[in-house]
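Two complexes are shown next, each including chain A; its partner changes from chain B in the first to chain C in the second.
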Partner chain A sequence: MNNVKKRKDPLIRISKRDVPVWWKSLIIRVVAVAFALVACAGLIVIISDYNPLDVFKTMIEGNFGTERKIWNLLQNTALLLCISLAVTPAFKMKFWNLGAEGQALIGALSTAACMIYLGDKLPSPVLILVMLVVSILSGMIWAVLPAIFKAKFNTNESLFTLMMNYVATQLVLYCITFWENPKGSNTVGIINFDSESGWLPALFDQKYLLNILIVTVITVIMYIYLKYSKHGYEISVVGESENTARYIGINVKKVIIRTVLVSGAVCGITGFLLVSGTHHTITADTVGGQGFTAIMVSWLAKFNPFVMAGVSFLITFLERGAGEIATILRLNQSVAAIMQGIILFFIIGSDFFINYKINFRSSKKEGHK
Partner chain B sequence: MSNKPVAIELKKITKTFGKVVANKDVDLTVYEGEILSILGENGSGKTTLMNMISGIYFPDSGQIFVKGKEVSIQSPNDAFSLKIGMIHQHFKLVDVFTAAENIALGVDDGKKFDLKRISADIEAINKKYGFNIDLKKKIYEMSVSEKQTVEIVKVLYRGADILILDEPTAVLTPQETQKLFAILRKMREDGKAVVIITHKLHEVMSISDRVSVLRKGEYIGTINTAEANESILTEMMVGKKISLDIDRSEPKDPVDRLVIKNINCSNREGVKILNDVSFTARSGEILGIAGISGSGQRELLEAIAGLQKLDSGSIIYHNSKTGKEDNLRDKTPIQIRELGIRLSFVPEDRLGMGLVGNMDIVDNMMLRSYKKGKSVFLQKKEPKTLAEKIIKDLEVVTPSASTPVRRLSGGNVQKVLVGREIAASPTVLMAAYPVRGLDINSSYLIYNLLNQQKEKGVAVIFVGEDLDVLIDLCDRILVIGGGQINGIVDARTTTKEEIGLMMVKSKGGNADE
Partner chain C sequence: MKKILALLLAVVMVFALAACGGNNNDEAKDDFKVGFIFLHDENSTYDKNFMDAAAAVQKELGLTDEQVLYKSNIPESNECYEAALELVDAGCDVIFGDSFGFESHLLKAAKEHPEVQFCHATGTNAKTAGLANYHNAFASIYEGRYLAGIAAGMKLNEMIKEGKFTAEEAKMGYVGAFPYAEVISGFSSFYLGAKSVCPTVTMEVKYTNSWFDIAAEKEAAQALIQSGCKLISQHADSEGAPKACEEKGIPNIAYNINTSSIGPNTAIISSKISWEPYMKLMIESVMNGKEIPVDYTGTLATGSVQLTELNEKVAAEGTQAALDAAAEKLKNGEIHVFDTSTFTVGGKTLDENTLADVIPDANYEADTKVVSDGYYHESEYRSAPYFFVVIDGITGVIPE
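Coming up: the complex of A and B.
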């Protein structure tokens, strides 16, 4: 009995909560963000001379300060949302697609190729349609290769899709040396600068509006697809339990390949939007790591497309605010990255408090005589 | 009894998990040199209570006294230093270690680690209680009963005076159970306090000195086994009188419905799992399958359901209406359904195979039928009606039809699954361990459902573990051992002992070959 100390209850005990009510979860999330902001403020006070409130204000102004800034915010949100929607069917099926980056990049590459080679041969509306189809196809090819190997030989899809990213990047670098404009710049430059052939047109004088509308439509379609279609149902069953899927006679391999094709297609569309609707050029950095951020967005939103819109908005807001405080306040950009990390940490951590409750040792014990 | 010294005393122990009250104000006393049974249905809080003594959970309130001293047990290590040892239902052994290594694992007596010395100590224990284990044998080579012996020796080696066994007989044959009981009696003579958790009444009667009954987390009472009988105990357990008889009707003109001939199958490593299995399932009859778990029951049912590839053999389905015969071998579940064969299957792994835990009851109803119709969208109306019907007819306790099934209790999960499979009005119904983990009321409800199906002329195949139930419920019992059929007996004339012997026959048989 040597190591049993005198009778003492543990200081903290953790117990599971009942089914959380949605508004309680929401309150916990809001409180988490509030705490996160306090922690950020503390950080700013420690490492700089700025008033944290000024820093927050700068972030907000950086996002909402001018009409142009608001459009940029919405555009970036839309593109992050688009690629997040793309990874969602695969992840819901527990297919670890880490290759959204490459799939979008290859979509972007084929879009750019169409613009360069067909720019003066086809009328712009036809060209845009061709670009869309080609980008979707190339995204699908990039995604389905690992899926086929997974279905046939049970290869590890995370590694395979990850490798495919590098292949895509190198392909882009290779093509850039072909398409260099002007020669020796090692960049492609703005494609079809004069004719604007293959550029997504501006709606109501807003060049990003069409992008945003397209992504909105994809969001709604994806929501319906996942929630109300038979395909969506099969995706959930395969993701939850492959054994159950086999038991009811779902052809698991077929569902895997079909779902990954959907993922690849939406990735391709993201690439298309990036080139045709946004940058009108291509670099190896066109997707810029969004393919990985998308995984976080998708999981944080628990695969709900509408929640994803909110999460994408939050992350884009933080990223843009980060850029702003780096330029205006000359704070190191890393500070902003740290703040982003803190806020995400609190949001993810709040899950724990939604599902569990913490009991402290009470001074008086019930049932004690 | 009261003249014996008290080993453990619990006072007003309460433990809650969220809204669920697992134990409420439970009092319990265990004396040295006795065997105490803790009896209760599944979910009555037996295991939770014992886990608080062995340091896995910590009570919300209440006091624990060990040998008269109040203690606070915060970890299994605390329990061990109080000489309390628990043998869990799911063994906690390292597969690639030998028996001796597993027993020595985690014991720090301050001396140099010397497997030889430890082995000698273990042998002394083995001798004292008559255990028969090979210390150099690796765990993965052992049978379930050997593994259990290792667990018991492990606890004794650590010097436990108070042993808690959580449903130790669930995985044993009748013969192995008798051996275990002999050992437990020896421990009692040695002055140890033995607590055994169980819900099998006849075991309670044969092994224990006293019985403490829990119901829905509350302590109902303790009686001396000598003064008890099965109906008193049941009433304490369930709270009302219930009849423990299963009505068994005579099969009505049975015809061969499923003829299995010489099927063989092996697993990925090429090890044979089914060895030349042949039998016939008839309509209007319940065919029981008995055997030690893992003898090939799962593969057999999965082969019939179209989930397991066979090396050879045939599974012929006789359609009594059309006279058509179909070979189901290597057909997928969908192909079988397309042949118009209504084959229902309640698999052993309910939430991992029969249902999807995170989906609600309605979505789970759809599993079998979601493909119906040409629309690309799901039709939720029919499954919703079905879900509500099953909830009503089978008295499923659930907040609503849109509750994820993983939130339901074991019995209710099973009602949902069985309800769905029966709703397809099957001609063949296979059920693997359908009452495992269910309380008495739910179990009898399932037996009745199977009986109803039988009377409707369904060929029912029932894989069970409780031999008493198999003998009372089935018409014929097929005994499987090591992937072979060791015999088919008439359930009306056979005995538990006969089946028990047949269950283990194959091992001897293999050695002779």
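Coming up: the complex of A and C.
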């Protein structure tokens, strides 16, 4: 008895929580975002004499201040969501695809190539269809190469997909030297500026509406695919345990390759939407790191496409708000990047508190004696 | 449960505070606004030059910080277009972009917003784009480089006289960004300036293929020094080359900034574009409802082309007087930088049928006759440079 009494509990003990109730985790996330905003406001107050309350006001104005800003918010949310949807099937299967960035970029590159080489040869609707097909195919190729190697030679898919990103970036840089316009700018400039050939058309005068609708459709399809289709079921089983999957007669290699093809295809569509629907140009930064943010979105949403829409919206909102603050305060745009870092840190950190509980050494037990 | 309630309350409070964040907007005295889009920030000498001019004009015209909006570190991509639209949303009446690669993105924004004026430095399309609200501007910086070249030639002469090397060994090195007309026009005028006082001078060019790469510019300068260059100049945006020169004790002529703090013992002078005259013209035109020139070329005479303070410690004796005299002659047209009697191309003098690519087109066709009255008319048919000629005496102009 004495022995037990002498052993002290550690001051802080971390234990795993049971499966958290949805509203509890929601509260933790909301609190994390609130903390992140407070930290950002603190940063702004330290480096300028701006009123911290104005920081929040500016964030809201930066997203909802004008009609264009609201459309931009929705459009950027849609594109982040699209690439998040793309990474989800593979992740659910525990195939660590870190190559969404490259897969989307290669989709963007092939879209741009079609616009440049076929822009004056095909009527725009046909061209757009060709672009869509080519971008999907190229995204699939970029994704399936690591999958084949994984299935055949058991290579490490994280490293392989990660390296494919660099290959895609270099390919884009290489192509830019051919497509440079005007000469001397080292950029491609806006493709088909006058003819607008291969540009996704504006619906009801809203240039981004079509993008948003396409992504909405993909979201619903992805939800049904993952939740109600046989494929979706197979993905979950392979993700939980490959041996179980094999035991119940699932062809694991086939499922892996098929699922990765789906991921690659949706990445390709993201690249297509970025170039044809939004940027009308190509740079090495066209995807702009969204391929990596998407991984986070997918995980935070626990692979649920509708929750992903919410997370994408939140991240887009916060990023845009940070950018607005930098402009209004005439601060360097790097400040926006710092704030984004702070926000993401808190959001990711909140996952820890959802899954784990921190127990402080309580004095009550000692009182029991 | 209590804890959760407390947390909830805390969150609600934060948002409530956010929502009622004060309405203490300063009453706008004047609703005029101007927006600037910069490729980098003040760490780039190229952008700093624009930012300094914007700040000076803001002060001179008495504009408040709310009236002058900055967007810095904007890449030459869709982000430029988005930045321009942000500035339109913020109520800007005129928007200025400082980088060549911004052009098509600014054109896209200009097309969608005819009520806002767009001014683009170094661009080429304003004359042919057919948009009333889109304008280009540049400066005849070749005049400044020519003068800087005179300072370089005099320094070479001094070193020859001191017996440091022979007249035949007088070779200069030039670190260029890309083999483009702007760069070629710049170093050709620099070379001609030096040649006008030191006839035996030759020059070697090395490109970094980047506008801003400290390491590459430094390495290129070191390689040029290694290959026997006695003086270095550059057309790239970092302090890489001046630093390499200071380390090796080689005289340097810079561009856009005064480098005498980086190279107190080697920096001679810099040529520089001052954007103040143009920015002032642009802002005042819009404020007074006047048209902004479609394609504006600032010159020595307008104060757009300048030289920084001469570093007397390094420069040859009498340099300042020579520069003043030459500047005066350039201004009144007594001498011309690209006087066809002062240089040859492949052993021949340029004749009046010489063509240059002035009108932008997909195939970069040379379309305009640019030689008349005995000189090459640079920056006259269009503000952005189009001089794309390989002058005898300069090596490495077109890299293999």
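Rule of thumb we're sticking to: the second predicted complex is superposed on the first by the 281 of 369 C-alpha atoms of A that agree within 3 Å, B and C clash if a C-alpha of one lies under 4 Å from a C-alpha of the other, contacts with A are read in each partner's own complex, and residues count from 1 in each chain.
Just so we're on the same page, contacts are C-beta pairs under 8 Å (C-beta built on N, C-alpha and C of every residue); 3 or more make two chains touch, one makes a residue touch a chain.
What you see is a predicted model, and the numbers here were worked out from it, not measured in a lab.
When the two structures are aligned on the shared chain, A:Thr278 is found in touch with chain C, with no touch to chain B.
Look at A:Thr244: by the touch rule set out above, it reaches chain B but stays clear of chain C.
Applying the stated contact rule after C-alpha superposition, one finds that A:Val38 touches chain C and leaves chain B untouched.
With both structures placed on the common chain, the touch criterion links A:Ser236 to chain B but leaves chain C unconnected. In the overlay built on the shared chain, the residue A:Thr66 is in contact with chain C alone; chain B does not reach it.
In the superposed pair of complexes, A:Arg330 makes contact with chain C only, with no contact to chain B. Shared-chain residue A:Thr187: touches chain C; no touch with chain B.
Within chain A, no residue touches chain B in one complex and chain C in the other. Partner chain C is touched in their complex by these residues of chain A: 24, 27, 30-31, 34, 37-38, 51, 53-57, 59-60, 65-66, 68-69, 72, 181-187, 189-190, 193, 278-281, 283, 285-286, 327, 330, 332-334. Interface residues of chain A, counted against chain B in their complex, comprise 1-5, 7-10, 13, 15-19, 228-233, 236-237, 240-241, 243-244, 246-249, 251, 365-368.
Here chain C touches chain A in the complex through residues 4, 7-8, 10-11, 14-15, 17-22, 24, 41, 65, 69-78, 82, 85-86, 89-90, 100-101, 103-105, 107-108, 124-125, 178, 180-182, 360, 362, 364, going by the rule given at the top.
Here chain B touches chain A in the complex through residues 11-12, 14, 16-19, 25, 58, 60-63, 69-74, 77-78, 81-82, 305-307, 332-335, 337, 345, 347, 349, 351-359, 363, 366-368, 370-371, 375-378, 407, going by the rule given at the top.
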